[in-house]
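Below you'll find the structures, each written out as structure tokens.
Paired with chain B in one complex and with chain C in the other, chain A is shared by the two complexes that follow.
Showing the complex of A and B:
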């Protein structure tokens, strides 16, 4: 099982303003959501995991090995990161070439890269678009191309930075399915997101970042039961949980289906 | 304050064979808060761009019908006249940054400079919008050193500072934390109460239901319906259009709870709470624990 241990990690872009202030955490096989206020350090954190930024203090161990001794290219074989802005990631004028770029650069041969890329495009639902120019596509599709490019690399760890931006209902369902598939394949999945209903539906573990520190970390339903801490971190619970809270229920639900079956079991109807 | 009228608007991107907008007609009254929903590629962003003239004047392509803002016909007007009346916040804030300014403060000033406002007026407006979006503390930062969410706040602030009569926002809160997103909705609602017309594309249905006066449902370039949120989200064919109702409406649909007064399913937390809370007390007086 893949493990990432982060020990006493500090980071800042400028001297005056520390961004991450002593992060200690172990990431494991549980699918994990990272949530928190804008500017809390979420994106910085995942860039550090991938070696795009290096800690000022502390260390990151990937399966026990300090990644300070690994180059970005070596880390790329193990950790994939889908950028928040697909335009930072996309640069080819053909979708299949774009998706094959990553796998080829981590050492797959042409055929294997093509097979992985076509599978990845099928997963995001863009199989018919292999020959199109990514820049002719809308933002939601460019996000999916960026996702496929990382999936095709078949890394042990897959990190998504706000994958649901610009996605409609079906797009979000598609991404949920991808995350479940990755999880079933035994990969470690980390996702930064602001969509709390998505977190409730898809992730076993939730980590809350606030002002450069980890404020909460635990099983998703436990984290969403901490109303005050969430509010402190500029977050809110999923919609269904908000409804339970405002109805004064002792029992708190995260998902529509769970709430509905509870209410049905109690025999409450509209009269 | 200007009324927006679209008459048989049709549009096709160059090199495309399909119409992106197909015979769209509607009227929007001044000060209305309009939500636009629909699946990806339904034409939401294209429609937004047609209301500021980017479609067809920037993208070219085939265009028919017209869009009027007040008495100004958009496709035939000059961009410098249009942007005094209508502002648009792009879907991807990175695309909106001018790239020619070194600080957030100057970036927000850009539109105002081009409008030729006096310096003191500019300072008032910039301070106001930066504070409204809670990014005043980043005023001296380089726009490209902002996080995604902070950049999105700056993009919104830049347009609000220009005080147009109509503000179009294309998924303006997609990268904001939940409280930030709520604050933006409230701020925008206040603008609409001041008489500014708000048109917002959004996938967060709970927010659209709570804040919009009316909702446009688009599908494959066609306007399927333009109604109150209750009416739109009570439809039983939403799935066909790749749209889902707010969580509260889905709960009430599953439980068969309608608002007796309106005949529609509830769409907001408050409405749902009052209906479910009421029935629980009525039906289960001794099952409160």
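Showing the complex of A and C:
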């Protein structure tokens, strides 16, 4: 089972401005959402996990091993990170080649890489355009290509940075399905996002970052029940949670379906 | 204080600092302008930034001194000898003249370049009649370079995340070249197109006469500075005429 332990981690880009101030956390197999205001240190945090940045103080242990003694390329075998902007990584003029780049880099042979890449493309629903040029596709498809290119590396941990941006309803549903599949495969999934409905729908655990520290950490429904701390971090609970709050329900609802079935069984007046 | 001077005044300074010594025709004049430039750069707290430029041109000027010192055409008076290599006074003086001129030009331009924000400089040029299109090209260079550095860093991160080694042997680095450079080029092409549209939407290509967001700000110091400069120029012209009349 995969575990990432972060111990007393500090980080800053410049001396005057600390970005992360003493992070202690253990990440496990639960699918986890990382939320927080812009500039709270979320992206910096995942870059540190990936070894792209190195902590000033403190340690990151991946399955008990300190990642300080691994290179970025070595870490890449275990932890995959999908960047926000797909244009920062696409360079081949054929989708399959683009997706196969990562697997080959981490030492898979041609056939294995191809098999994994085709699976990954099937997962994001782009199997029928393997030979197309990624630049002929729209932004939302290119985001899916970027996701596939990381999934194909078959890492134990998959981190998404803002996967739902530029996706329509169908795209978001596709991403939700991908996350559930990964979870079922026993992989650790971390996601940075601003989309609270997406968090409520898809993630068991939620971590709230505020001003370089972890403000809240726990089961998603518990986190969303803490109104005061959330507003401190300038966050709003999912829409349905807000609605039920205004209606005066004590129970916390995260999904529309849950609320609907609750009302259907108990009747609208019965709180 | 120097930073607040109108770029126009600095341009006038460059003009006077290079024309007046030529009119007066004495090395002392060039030397004094170098001194004035150094004083102005010190007040502006940017003197240390001229060091790399001076080091580079110093190297070239040194070779000039050696070659002219040995081979200058009018060499007659021996200055000193290093073994069998003889240096002549005339050649060395000629080289000194060149050195003073070069340093004078460098220093006077440094005042403009080092104490003026690039965007202000471009705006002044446009005020003076440079086409706004060319002005935009000039100022966008200053914006695009830091932006490209940033994109480059993100792209490197993205490719390293996909297990690509970017450090180590030459072969690894060559292999890393395409995955890094292609997204940079593609991103630049895309952003150039978007930039062009964004500019056009805001009337960049309009044929109307354009107004300026910032007026040129002339202070009292500018007036004094310019007055002194023009005075020096007139005096040196006077001096030249006197020599001719003699």
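One rule holds for everything that comes next: the second predicted complex is superposed on the first by the 268 of 271 C-alpha atoms of A that agree within 3 Å, B and C clash if a C-alpha of one lies under 4 Å from a C-alpha of the other, contacts with A are read in each partner's own complex, and residues count from 1 in each chain.
The rule is simple: a residue touches a chain if its C-beta (ideal position, glycine included) is under 8 Å from a C-beta of that chain, and two chains touch if they have at least 3 such contacts.
These numbers come from a predicted model, not from an experiment.
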Combined model on chain A where chain B meets chain C, clash or fit = clash
Examine A:73 and indicate which partner it touches, taking first as chain B and second as chain C; both and neither are also allowed.
-> second
Who does A:131 touch here: chain B (first), chain C (second), both, or neither?
-> neither
Could you look at A:85 and tell me whether it touches chain B, chain C, both or neither (first, second, both, neither)?
-> both
First (chain B), second (chain C), both or neither touched by A:37 | first
Of chain C and chain B, partner touching more chain A residues = B
Return first, second, both or neither, reflecting whether A:15 touches chain B, chain C, both chains, or no partner chain.
-> neither
So, does A:263 touch the first partner chain B, the second partner chain C, both, or neither?
-> first
Return first, second, both or neither, reflecting whether A:47 touches chain B, chain C, both chains, or no partner chain.
-> second
Touch check for A:228: first (chain B), second (chain C), both, or neither?
-> neither
Examine A:240 and indicate which partner it touches, taking first as chain B and second as chain C; both and neither are also allowed.
-> first
Stretch in clash, chain B with chain C, out of 3-11, 39-47, 57-65 or 75-83 = 75-83
Common interface residues of chain A with chain B and chain C?
-> 85, 87
Over in the complex, which chain B residues touch chain A? Could you list them?
-> 38-41, 45, 91-92, 94-95, 145, 147-150, 153, 171, 174-182, 203, 206, 242-244, 246-248, 250-252, 254-258, 269, 272-273, 275-277, 279-280, 282-284, 287, 289
As the complex stands, chain C meets chain A at residues 151, 154-155, 157-165, 178-179, 182-183, 186-187, 190
What part of chain A is in contact with chain C in the complex they form?
-> 47, 50, 52, 71-73, 76-77, 80-81, 83, 85, 87-91, 101-102, 105-106, 135, 149-150, 153
Can you check the complex and tell me which residues of chain A touch chain B?
-> 13, 35-40, 43, 84-85, 87, 138-141, 162, 165-171, 194, 196-197, 231, 233-236, 238-240, 242-243, 246-247, 250, 256, 259-260, 263-264, 266-271
